[in-house]
Each structure stands twice: as structure tokens, then as C-alpha cells.
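The following pair of complexes shares a single chain, subunit A, combined with subunit B in the former and subunit C in the latter.
On to the complex of A and B.
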């Protein structure tokens, strides 16, 4: 027992001598493996991969590297670029709109988390409980995901008509609530955006949860029932713990997604009223494209790089923190 | 053997992909023939407008057999133009507003066409102030001004009638505009007076309102520019909007309108009045299907010292990447499509005839880019084809030549307009918006940009 646990004294010469034959074997194996790889269709696999590598390289990896380089440049993409060191990062950090955008993005993420995160879960649990028409409910829940996002936003913009005869205001009128300005008011604009975003995205998450719910062993529910558990106790003690892996993934995806919210503020309000819905991505867009005279692409890419680093760090920290729980 | 055939198929697939990517590059022109790409009409224009354009392309190609014209739809908006400029996807000939000329020239983004323009027999005839919009500090010419407009009060005659107002007596003071807006809102439930507020157009139209009250957003002193957004005219305009919005409730329920959406709403008969360029009729008819019988245009009320009408215009320019042959062909196209109808009787009549046969607007109110006599002469040539109801726009045309015109701010115009968007939106969505503080902030922010160069 003790001899096993004692740290071995390493004799380098002996170890080297002992390792040599092994190394020869490894090399031989490698040679044989390479030959086998070629004969086994390795080259053709590589050639098959080539179109994808070219397309990814040209349209995904190259722009990423280019954006990184551009974040240190002053360029209008027509005349030659000039390296300006950290100037773009400094400019972005000194822009008062950055802090408004961070605040707004955080607010959107928070609202989406409070309202948007539980909704699909509750819907999925309820739908899994119904005995008939499960397919119909799934289809109904998924329907908004099928609607093209731009169409959905334009539709909701129509619903959000601030006049008393607007769709939502008419409905509110039925229950005696006065007409609301919706997206035409700095206070109501962001919650209105979150409402549409939740409607648009919930269906996809519902389907994921429904799939995860089918993998919960029915014996666990049976056992809980035998122990006299109520429906809420079953959800709390069986369903949610069984779904935690999926819940963690959807949570981090939601945080990343909401940190990059662009479509809704861009199409609904353009960041207004009075910057009430300007988000980080919209600010990046404004840096690049608001000025017809050639935008500040350096500042736009600098902020993009900062956002990417922040999200990467956030994901790492999150996974570290939840590693034990998720396993 | 099997893996070799797999490799062969994969190789062919890979070559196919690479070849198809390579095929995206432009083929070289040969045998003295030149192909140019030019901007045509804005997306969504009706088919008869495109037919008229195609007819004009055919006329040009017949006169210039060595030049082939390809066209692409185009609508100038700040963001799309910036993307096209950066992406190198602008055609050989494109148009820009006066406000962008100087900076694009300074940034080296427009082609020098001085020699080609000097070869045109009317090059010395331009109003120097107008031509200067397309000239660099070195005096070289980088484009040709093709149209100029003044801002006016657009109104819907049908809505005026529905509200019990006389469409032949449009308001002539800002107080009358306010009173009429309230009547429209109260009697029809429609928007009495609308204001652009987004995509930099809020700032643009605030500049219009400010100028009519004697305000200037920037003051040039020698080489230095001072941002004066908090001038009395701008403050008065914002107070005026505040009153219409919060006291009269006559501005409707959409306070995030821009050039495109306000035209859409006006064309659809939802807005009684708004301010915009005098040439907007073309868009309203071509893209918004507005019934010309409902259209009315009046001059803007001018109040106080230094009051004037903010004017603007369009410059046709040539892509910096164009070769000499393409540049020469491009200037020929600009001369044919934009200029000859203003200077040459036969060309003017042919242009007007082509447009009117396709039911397109002829005789849209404009300001002169040469001089008033030339403009009047060109209008005289085409009087048989004019289909824009002149009696409905006479309230503008009868006054505009007596009203002083004011140029748009010259330094960091788009940034200034963007900053003022926020102010206009604040006033229209927050009854407690602090106008003084908001304008002071604009001064500080934009002055910093101006000082930074």
C-alpha cells in the first residue's frame, strides 16, 4: 500500500532507455497511421471538407480576423487604413451613449429573463401535462418562430399603434384601461420590445423543453406519487432537477442572445424614443452606418471586440460556476 | 479505387465552389464598348415609372452605341449609402444630397471629373453657389448638381376638405398651421401636423423649422465653425412642437417617423400636414400611390429676422473606382439624363413626353441650379406635358422665389442631425423634456466632433 503511494524516484537515463523502444513503436504506428489515413480516404475527406473550409474561411473566419485588425485602425474602407493603436477603444469608452446602451441592453436582458425565461418552461410543463391535443399546442407555440422576424416586428408595430383605435389599445379599452403609447414612450418602449421578443422566441425553447421532458423517467413521477407528492411538489422535486442541464444551456443562450439584441430596437424604434432603446449592437450599427459619409468602422469593430470578449468571459465564468451543478 | 473516385468527385465539387466564387468578379470590357451602371428609381416605384426610365436608357444607348447602360434601384438613405460606399457596391453613377458632397470629396471617395465637365458647353452657366456643393477646396469638380429644392408645407387637400378647411387657402403663418392641425385632429381623428423624428431626418426638419424662425444650427466664422443648436429659432420650433403635441394633441401617435415612413403615412391619407422638400411629389405618386388630386404644397411661413427656407439638392457623382472610359461615359449619362432636360428644348420635350406618356410626374416644383430664367424657360418648353397640378402647388411657387434660401449646416451635418433626432423625440414623447438642457448637450457633443476635425 505504502510502496504504491510513494512517489516514484525517476531515473532519467533509465526512463529514456526504457522509452526508446516505445518511441520507435509510436513512430512506426504514426507512419502506418498516415498511410492508413491516406488509403482509408483521408485525402478525399479533406477535399470534401475543402468547400466548407473555403466558405467558412472567406465568410466567417476572415471577417473575424479582419474585424480584430480594423479595431486598431482608422478606415473608411475606401482610402488606405491608418493604425491608431487603442484610440478606437478609448473613443468608445468615452462615448456617453455606450453607458446608455449597456444599461438598456442590461434592462432588456433582465426583463427577458424575468418574463421570457419562465414562460416557455411553464408552457412546456403545462403542455406535457395535457392528455389530448399536445401536437396542436406544440404547433401553436412554435408558430411565431416560423414567422420571419421582420414580418413579425412589422405586424407588432401595427399592433402597437398608439392611437386609441390601435389593436392592443382597443383590447385594453374593452377592460377599461386607457390607450397606451407603447413604443412611442421612453418608459414603455423597452417592455414592449421584450413582449414581442418573448412571443417570437418562446416557441423554440418550448420545443426544447418538451423534448427534455419526455426523457424524464416516468418511474420518478410514480415514486413521487406513491410518496403522496402534489403536482407542484412533483414539478419542483422531479421535473426541474431533471431539466437542469437543459435549463442551464437555455439560460446562457438567452443571456448571450439578449446581450446581442438588435432586430427589435432597430426595426421598432431605431433606438428611440430619445435613445431609450438603444442597445450595444445598435450602437455598433450606428458607429458603422449612421453617417452616410463613411462610418467609424474602427469604433464599431472595437466595441464588437469588447462585446465578444465580455460574452466569452461571461460564458466561461458561468460554466465554471455551474460545472458541479450541471454534472 | 473507391477512395480515388470519392476524391475526384470532391475535387470537382471544390473547384465548382471556387469557380462560382471567382465568377462573381466583373468581366472585362473590350472592343471600345463601355458598360456603365447607373442608379434608376427608388425600390417600390411603380412599373410605369420603370418603363419610362427604360425608354430613356434606350434613347441614350441609341445616341451612344458604344455605351451600354445597366441600372440598379437606389434610394439614398444615410445607413444604406454608408454600407454601399464602404462595400464598394455603389454603381458608376449615383446621386448624393448637397450635404454630403464636401466631405466625400475631402475623403477621396468621389472621382474627379473636372476636365469632362469643362468639356460641357454649359459648365460656366451654373449658379456658383450651387456648383460649389460639388467642388473640392482645390476648385476641382467631383459631380454635377442636378436638382435643387426648397422645403415647403405639404398638405392633403382631401383631409383639409374633410375637416371643413379650404384647401385653396393653406395656412400662411405658424399660428394658422397650428390652428388647422387642431381642427384636422379634432374633426377627422387623423394627424393634423406630423414631424419627422428618426434616421437623422428629425434634425433635418428641425433645421427647417429653425430657419423659418431665423435660427441657424451652425455659424461659420473664418475657418472655424460654432455649433449653435440652442439658438432662439430652434427653441421656438421645439416649443411650437411641444404645444401641438401636448396642448393640442394634434400630432397623432407616431413620433418615430422618418422620410420614408412619413411619406408612406401621408400618401395613405393619415397626415394632414408636414414639412419636407418641394420635390416630394414624385415619391408620393411613384411609390406611395397617392392620388395627385389630394396633393397640396404651400410655402413655409417665415417669421422674424433672418428667416429663410432651408434648401437642398442632389448631386450626380461618379464612382472613384471608375476607369477613364467609364468616367467619360458616366458624365455623358449625367448630361443626358439629368442636365439636358434643363437646357435643351428638344431634350426637355423628349424627357417630358416620355414621362407623361408613362403617367409620371412632370413639372415638380424645383429651385434653379443655373438661374431662374433658365428654369422658367425649361418649364415653358414642357408646359404641354406638365401634369403636376400647378394650381395645387402655386401656393409654393408663387412665393418661393421671393423667400431667402438658407443652406444646410456644413460641418458634421449628419452627426448634428442625429443628435437633434434625440431632442425632437424627447419633446414629442416626454411632456417634461428640458429643451434648453437637451440643446446645450447637442452643442457640446457636436462641437467636440467639429473641433476634432
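On to the complex of A and C.
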């Protein structure tokens, strides 16, 4: 009864409100946003986010999208880009150099594991037992990492001088080993590159292992001793299982790193002799930048995208593992 | 695990080393008392030290020696120590005639600019995402973290094209330091580290400052930044080392020798100059990082412990 008697204008408003509640809410929130956005710090939020938005937008997000687009395009930077479907991928996959590069990169990664994986572990375990002057030991181990990588490669390139008077050949001469051709020889070139890369990187891994060794719970060693474990047994049954997480992480990181090896083959050998040291990244560089007539950017990005998918899968495993182990 | 949290610490200083009673390693005190064990490990330590000196210090000392040894001596008997005396003039030639000084200054500019850009982007973004937290912060955070999965290789060509034709400004950035500085800022790992650090700062301090009437800018400048020195130190070490080490990217965008840093210039010098001057140039390029390392050893080794995580 009373509702009927109420003035129609109010009824109408109530009815319209009941009929379209969303509209009212939309109007309300928009009004509140507009009013409170500035007062609630919307402007200052944006000011603080601006450097990141500009830098990531221009130099990370946009190029990532662009890489995907360009891998399906033919571009020479002068005429407009044309979409060519899977042509770039087909071209890369039909390049016989690709398989040489994959093989070489795999060979580099394998040798790097053989040379470079056990050495830092052994060094770190030994160093963790040093009683006096531990700082000196870690500083010495880390020193090669501090040398700029370009300088390290150029220096070792001189060490690898193939003449009998070369630095390494002189040292080999002291112990009666005949001079080696080192990087001038297709068989010895890759191991020579890996030797330098291992020298340059091992110190960093040693420091990571040293940090991990200090976090092994001392009770475990105490418990092992109660059971009469020898030093070797303690290393085998306590230390190594406790380092398992770090060991797998450095393994994945090393594979990710060696898959992208560029500096060593580029500066030591330029991919030679006879393509014996051409790697995937070197091939990408050649596609894009080594042709004076203008690069084949499509092929270069297509190969980059394929490599990236492989690496992203590895990083995904890496992140899953770190997530599980960090607690 | 390799992305450990760097927590804000309350007033623990360098000198106040906490002695942990539980601190021990694989070899126990009773193991150590056994003569055989001690003898073996003393010998092992000696061997280890010798190996580290030969491999860690050896090549660097050789470079230092060759920087002041005439070309013919280095070519004929590389392992001999100054058979025909020392020639300090070689270093002077490298510095003044080959103009390594230009590259030296360029290297410092490249590192300094990259460092500043990274600090600005990381602190402002970390502050906005962790403390101000607008509603869309989660999405932005995801977008930043997603770039961690994209290896730098993918960006090589498209980023190069961005530098040639930058959006909005219509001049190419090739042969300017901006081409190295600006892309250096797009470092997701920095933002991750800073955001985590800010997440662990006590919220009560922010609330107190806000009730005292501090706005977001004041809060950032007077409260958050002074508290974040440890994390800024870590990022600074990373930023400067990365800038000093980088080769491929500056090689692509800094084609003009007058703007090239040492790393880009040195390989091209090899064929153009005398061997002794070239080795002196290599030695000069090594001095700064070695001195930095010796001075800030603790910071270096601390960041190296985290170092694994940024290689991905």
C-alpha cells in the first residue's frame, strides 16, 4: 500500500536502480576511481613505475614480441617486411652448418662438463677444510673470474702459440712433450677453447660450492662420526648428498651457459679451422651481421627462437628445482 | 637456493663476526688430532695452494711481466724473466700513442652509466611493486619475471633493430653510450632482488612515516633507500662487473673506435700494433677489475655466491 502511495519519481529511480544494478555500480566505481586515483597515489605509482615501463617496454617486452614476429618475416630494413610463414625455419633447418654447429656446441658443453664440473667441487671440498688463510685460497681461486673475458681469451690465444717457442709449448718442452698446434688444429681446437673457458669460470663455481658447504648441518657430521664414519664416508654419505641441490643447479646453469657459447670460438678461431669450432650463437651472428649486403635477420631470429625454446625448457626445470629446494 | 634472500640486517657490522659454536666441517677435531690425517691434509693444502697460485695468479703475473718486456724477448723466450731488461716505455706507448686512454675512459663511462640506469630502474620498480603495490602490480611483476626465461640470444637481433630505429625518438642510438646503458636497465633479476628485499623491510616503519605525513616520494628517498644499502651494494657489483665484461652487445652497437670500451677495441688492436704494446694494453685492461676485486673482496665473493642465478 505504502509503496503505491510514494511519489512516482522515487519509484522510477528505485525501479531503474533495481532494473540495472550494474550500471549504477559501474558509475560509482568509475567515479570513485577517478576521484581517488590521484589521492590514492595513482600518479606517484605511475611515476615510480615509469622507468621500468619505458626500459622494459622498449628493450625487453617489445623486442621479445618482435623476435617471434620476425622469425616469420623477411626483413632487410629497407623495404617493408613480408610474412613468409615457416620459410626462415626451413632455411635454417636445411643449412648443413646448423648440424655442425649443434654438434660443436654439444661437444663444447660435454667437454666443459668433463673438465669443468668435477674440478670446482674437489677444490671447494678441499678449501673448506683449510684451517688458516681460507680467504687467500678463495681469492686466488676467484682471480681468473675477475680478468675481463676478452682479455682472458686474447691472453690464452697468445699462450696457445703453435711455435715451439710458444708459452704452453715451452712449458710442455720442460717435461719432454712435443709442441702442440693447439687452436690451429681441428682436433685440438675445441678442447683448447674449453680449457680456457674452464679456467675463466671455475672460480665462480668454487665460491658457490663453498657457500653451500657451510650450510651443511654440522649435526649430520656429528651423527656420522657416532656411527664411526671415516672422512671419505662422511664426504660420500653426508657432504655430497647435501650438495645435491646445488650440484644439479650448477649443472643446468652450465648447460644453459655453454649452449650460448660465443666469445671463445669468435675470438680464438672465428669458428675455424674448417668449421671445427662454429657454434649455434656464432651461426646466429653470421646470419645477422656478417653479410655486408645486409643480414638475414629472419633466419637469425628463427634460429634464436629455436635455441630459446630449448633454453626456456631448461630454465623452467631450473626454476622448479630452486622453488622446491629453497625453503 | 641460488636465489637466496638478502635480508635487511639490524646493525651487524663488519667487525662483529658472530662466532658459531657449532661451526665445523667434514674433518672433526678428533680426526684432526690423528697424525696421519693431519699430515695428509697439510700436504693436500700445500698442493692446493701451489695449484691455485700457478693457475690463478700465474697467467696474470705473466701478463704483468710481458707488459714491460720487449717484443723479441717475449717471442723468443716467453717464460724467461727479463732476459734483456725492463722497458717501462711500452706502457707509456700503449697509453699515449695507441690511445688506450680513450678506451679506458670509455669503459668507465659504459660501466658507470649502466650502473646508474640499473639502480634507478631497480629501486623505483622494486619500490612501486613491493611498497606502493597498485592493483595491477601482480601483472607487472609477472611480466618482469617472464623475461627471466627469455635468454639474451633471442633479443640480439630485434634489440639491435630497436637501437637503429628507437621508438618515439627518431635518431639511431648506434655509436652512443645510450645503446649500452638503456638495455642494461631491463634486468629482471635486479628487480626480483630489490623487490624481495623491500618485501622484508618492516612495514611498521612505513606506517609510522605515513602517519607522520611522509608522501610516497619522501618515504622512498628518506626511509626505503637508506635502508636498502646491502641490496644496492649487491646490484652495483653485478652491474659494474657485467658492464665491464660485456663484449658482443657493445661490439654490435659501438662501431666507432672513439666510443668503444676496452673489451671491444682490444681484439681489433692485435693485428695493428706491436706485440709488446698489445700485451701492455691487455694488462692495463686488467688492472681496474683486479684492484676493484682486491679492495671489495668481500662484496665480490658474497655476490659470487649468488652469481649462479643470473647466468640463466
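Assume the second predicted complex is superposed on the first by the 267 of 327 C-alpha atoms of A that agree within 3 Å, B and C clash if a C-alpha of one lies under 4 Å from a C-alpha of the other, contacts with A are read in each partner's own complex, and residues count from 1 in each chain.
Everything below uses one rule, namely that a residue touches a chain if its C-beta (ideal position, glycine included) is under 8 Å from a C-beta of that chain, and two chains touch if they have at least 3 such contacts.
Just so it is clear, the structure is predicted and the values come from calculations on it, not from any experiment.
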item: Which superposed partner A:322 touches (first subunit B, second subunit C, both, neither); value: second
item: Touching partner for A:79 - first (subunit B), second (subunit C), both, neither; value: first
item: Partner chain(s) touched by A:148 [first = subunit B, second = subunit C, both, neither]; value: second
item: Which superposed partner A:167 touches (first subunit B, second subunit C, both, neither); value: second
item: First, second, both or neither for A:291, with subunit B first and subunit C second; value: first
item: Partner chain(s) touched by A:274 [first = subunit B, second = subunit C, both, neither]; value: first
item: First (subunit B), second (subunit C), both or neither touched by A:55; value: both
item: Chain touching more of subunit A, residue-wise (subunit B, subunit C); value: C
item: Which superposed partner A:140 touches (first subunit B, second subunit C, both, neither); value: second
item: Touched partner set for A:183, first subunit B, second subunit C, both or neither; value: first
item: Intersection of the subunit A residues that touch subunit B with those that touch subunit C; value: 41, 44, 48, 50-51, 55, 58, 77, 161, 165-166, 285, 288-289, 295, 297
item: Contact set on subunit B toward subunit A in their complex; value: 2-4, 6-7, 10-11, 13-14, 17-18, 21, 76-83, 85-88, 96, 100, 103-104, 107-109, 189, 197-200, 252-256, 258, 320, 414-415, 418, 421-423, 425-426, 428-430, 433
item: Touch list for subunit A against partner subunit C, complex; value: 41-42, 44-45, 48-52, 55-56, 58-64, 66-67, 70, 77, 123, 125-131, 135-151, 154-156, 158-159, 161, 165-167, 170-171, 199, 203-205, 207-208, 210-211, 213, 218, 221-222, 225, 231, 234-235, 238-239, 245-246, 249-250, 253, 256-257, 260, 262-263, 266-267, 281, 284-285, 288-289, 295, 297, 300-301, 304-305, 307-308, 311-312, 315-316, 318-319, 322, 325-326
item: Touching residues (chain side subunit C, partner subunit A) in the complex; value: 1-4, 22-28, 30-31, 37, 41, 44-45, 48-49, 52-53, 55-57, 59-60, 62-63, 75-79, 117, 120-121, 124-125, 127-129, 132, 134, 140, 143-144, 147-162, 164, 166-167, 182-183, 185-186, 188, 191, 215-217, 220, 244-245, 247-248, 252, 262-264, 266-267, 270, 279, 282, 285-286, 289-290, 292-294, 297, 300-301, 304-305, 307-309, 311-312
item: Touching residues on subunit A, where the partner in the complex is subunit B; value: 39-41, 43-44, 47-48, 50-51, 54-55, 58, 76-79, 161-163, 165-166, 181, 183-186, 269-270, 272-275, 285-286, 288-295, 297
